[in-house]
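What follows is a pair of complexes built around subunit A, which joins subunit B in one and subunit C in the other.
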Partner chain A sequence: MILEKGRISSSQLILPLLGYCLSYSVIFMPGQEAGHDVWISTIAGIGEGLFLAFIYVSLALKFPGKNLLEINDYIYGRYLGKLISISYLWYFLHIASLVLRNYGDFFSGVFLVETPYLVFIIPVMIACASAVRNGIEVITRTAIVLMPITLFMYVFNFFFLLNEMDFKAFEPFFEITFKQFTDSSHHVAVASFGEAVVFLLIFPFINKVKQIRMPTFLGFILAGGVLVLNAVQNVAVLGAASKVSTYATVQAVRIINVGDIFTRIEFTVYVILVATVFLKISILYYGVCLGTAQLLKLRTYLPLVLPYGIIIILLGTFQFENVMQIISWFNETYPYYSLPFQIFLPALSLIIAYIKNPSQEGRAK
Partner chain B sequence: MMKRVFKILGIYILILLILSGCWSRRELEKLNLVIGSGLDKGPDNNILFTVQIVKPGALKAPGGQGGGGDKPFWNITVPGLTAFDTFRNTTLESNQKVYYQHNRVLILGEEFARDGVRKHLDLFFRDHDIRWTIRVLVSKNKASEILAVETETTSLPGFFIDELVQAQGNRSQTPDVDLKQILLGLMSNGIHPVAPIIKIEGEGKEKKLIISKTAVFRDDKMVGELNEKESRGLLWIINQIKSGVINVRYPTWDGFTTLEILRASSQIIPVIREGEIQIDAKIKVESNIGSQMYSTDVTKEKTWETLNKLQIEHVTQEAESAIKKAKELKSDIFGFGSAIHREFPQQWKEMKKDWDELFPYLVVNVEVESELRESSLIIKPIRP
Partner chain C sequence: MKILMFFVFILIFFFEAPGLIQKKYIRELISFLVLWSLAFVLSFLITYDVKIPSPSEGIARITKLIVKGLY
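Let's look at the complex of A and B:
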């Protein structure tokens, strides 16, 4: 039973991982509640993210060629394993719907108020469905096309904002309390890096499974670098106002005015947003379809693409009433809701795997 | 084969549907573009909002015929309870919903500013149509009157006022303030907002707009104003001097020497001396000799040094007068509090609550470094 024939090389993994990690940071500046110390929490968040990457990579290396669901079956047995796998699939479906909802709200809620929400949602979902139907190779290649553009726009915005930046805004350093610091850095980690647990479904498609360590860490560090750049840019440009802005990056980029020519260029943020959101939803969507097909022992995941697409749209549309609710949910509930999926279960799996057969890396069947 | 054709056709139709235009697309001639806006206090506890809309049909091409003496702008003044209320009330008179993306200036009437601006400016920070880069001014007259003055060279008052504020960089006697700076001032204990003051001079056809003086806010209420000398002093300290002139009087001759400011920079450094926090304001200024009224040889070292000393005296005086006035008004417009916050966060925690009361007792040492660069195109005095 082969659900996916496509293979990607290990170095190709960096860009989809980067796009996947970045997608939230454009809409909400994660760790925003830390005020002008957000760059410190972001760096700490990267640290936590790298720890998570270490867990995921070690787990994948312990079971080369096996994906998350097979690992769960092996470690927790047939029944408990299936249960955990199903909850993981729910989690991926849920994040996909959240990303979609944020994306739709961003456009229809604030910037193009009169346009209905579904007008933004449906084209993206059609594009994602098409990418998912074409498999992991196509998703990876779109990332290779889209991510350089995205990175270019980040850097472009940063340089054009340099003359607006006031680096005094960062002083005094470390004014936040310890609780705020841990909260905001954990927030950065769960919102940007922890969700990459879905890559445990994708690691087996890499042609040289042994070589996933470097690209994963590199992707995380690169994404972290962009996050720090973004945080520095927003705080330096907006000062205290970065803490109260719903969409700090957009607000900062709207200030760009270089010689009255390069002005009103916030479309760059929209380009970044569309590209990264497309990647993130595609990867999650693909993971859900593939996982379900594997769980139900189907010959192909293609018939699942349409129903799951509809489920993601509906789930995204109806689970929250308004943006304020989403923001408070993201700040208060989400960091704890994600803990089992992102940290506890993978870490537990890794520990059990070492207990079950210590020192036999790569020989579990 | 047919199936493939249908598939491709289907994709094209979809693309056509999506690409043919945005949902709430509006043509340019259907937009009522706002280029200037103003807020005034209304008669019964409400506010009056004035928007200036461009009439593209009446805009004259430079040097061309047409228009027929028609004003190219249209001002609407509407009342409302809240700012957003007034935004929408504009359609009482306007045939289209007005479009704020190209708004350049926001003028606050003095009465309105003295009443507290936070509650009404909230909308301007929240609304996505308003950019944080628009310029903010306080007007002596009603904002609606200011926007109604017909201006020269640019026939649109909104643009004219915007350019007028920018042109003040040549004198550096009023600050150039945008909405973002006001927002930062409202969000901090350690710095209060300022804004340039605009007023009308003359009557009837002879009306003209003049920018002079600076409005000082304490928290969100306007509490007073700085005159031109004090305004320059403020700009010396907050590092916003772009250019300008300094008139000094050489002690032994009759008449003035005018020095042209080339560049200036400043630093605010909080220090602890004798157990209390003080501020060192260090100002550096470079100038050229612009003109002189008497006949003396400025290339002589002694003259040179005296002029330099006079310049230092002049700048110090301006800066100190600004500090004195701000202390009288109990408003830290220089950001000394923010500087203390950055340098001594522990001490600031105790001070920040009653900073407005403590600020008048703050010791500020002004130090000026001055350099005279050159005497321009003439080295010897003009005399027989």
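Let's look at the complex of A and C:
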């Protein structure tokens, strides 16, 4: 039984990947701890991200038409493979809940201060549930509508902030220690690029699997370019304050004032955030539902969508008490927690795949 | 508020279950019911202010132990 009948073309992959990689990196500015050298560590983070993309793409090309769970089953055997697949599903569920909580906290902390975050979380979750029930084609098409608007708003903000920028803020050049540099660049890589491991569940739905290499790299490079642009903008506008402010991008965009007409246009950041977070949560949520249905050998994943939606909302609610806890968790635990899922297991799978060499086995049969 | 929560859960149940029973998708029905009751119990506990251990905190403790052990 085929769980998903939809197919997407390889060029359609770029925009969902871009939105997925940006999401809350837009407001949090990962690698912030590098201070005014954040743009250098972001560029280094893109390098690490491209290495990760290389691992994921090679894994997908090694097993064309197979998704992450089937690859796990093939490589690690039936039982260990299932265990690893379950831990991956937990990881996706967990990230989805964290992204959702960040989103809610951002709005109740910056935009409508008196309103509880559940008010922001529930509507976006209903939209995501609807997108997931409609399948992968609908999610990619929403990306095609939403992402150009997002990119336009980025460029718009950057140009309107140009006269506020002070490029002396980047001096002295490379003031951080090597450990700080590696820490912050690794942080950039895991927070924005590494989470794209969920795309291993989506690669089999691409009609020409052999052509996924270019779109994946292009999506990563585009996302990296936007992140560097964002980092440069925030440091140049805010100076030293960019290191300590929780939501640096909003602080920077608030300053825009063009002839007293274009003022208070931080709503553009809200629009960007809503669009990208919607994409990120729908893709993760879709991965969780599809993976569970495949693991339990169900004929359809639709009945799992609504219960999983509620579980994601609840997981987001009770795990943390406030924003500061989340941020410290993201800085201290997350870079280590995501290592096995994003780097070790895919790399190990790739090495074992090269030793086992499935393509020759397929030919022998 | 609590009544609203019960209402939402009942609504979800009647949205999904009849179709599954009609098509005789028993496996799907069972997995739906398991997830649905998990969500129900969790939200029940949260609305009645029961303290649930946070998985993220547990993960933080375990990673701290491992990272300290490695360095």
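Following the convention adopted for this analysis, the second predicted complex is superposed on the first by the 356 of 365 C-alpha atoms of A that agree within 3 Å, B and C clash if a C-alpha of one lies under 4 Å from a C-alpha of the other, contacts with A are read in each partner's own complex, and residues count from 1 in each chain.
Keep this in mind: contacts are C-beta pairs under 8 Å (C-beta built on N, C-alpha and C of every residue); 3 or more make two chains touch, one makes a residue touch a chain.
The shown structure was predicted, so the numbers you read here are calculated from the model rather than taken from an experiment.
Of the two partner chains, subunit C is the only one touched by A:333; subunit B is not. In the superposition on chain A, A:208 makes contact with neither subunit B nor subunit C.
Residue contacts after overlaying the shared chain place A:298 against subunit C, while subunit B stays out of touching range.
Across the complex, subunit C is touched by residues 94, 98, 292, 296-300, 302-304, 306-308, 310-311, 314-315, 317-320, 329, 332-333, 336-337 of subunit A.
Partner subunit B is touched in their complex by these residues of subunit A: 110-116, 119, 123, 168, 171-172, 175, 238-241, 244, 251, 254-255, 257, 264.
Subunit C meets subunit A in the complex at residues 12, 15-16, 20, 25, 27-29, 31-32, 35-36, 38-39, 42-43, 46, 52, 54-57, 59-60, 63-64, 66-67. Within the complex, the subunit B residues that touch subunit A are 18, 22-24, 101, 125, 128, 131-133, 180, 183-184, 187-188, 341-343, 345.
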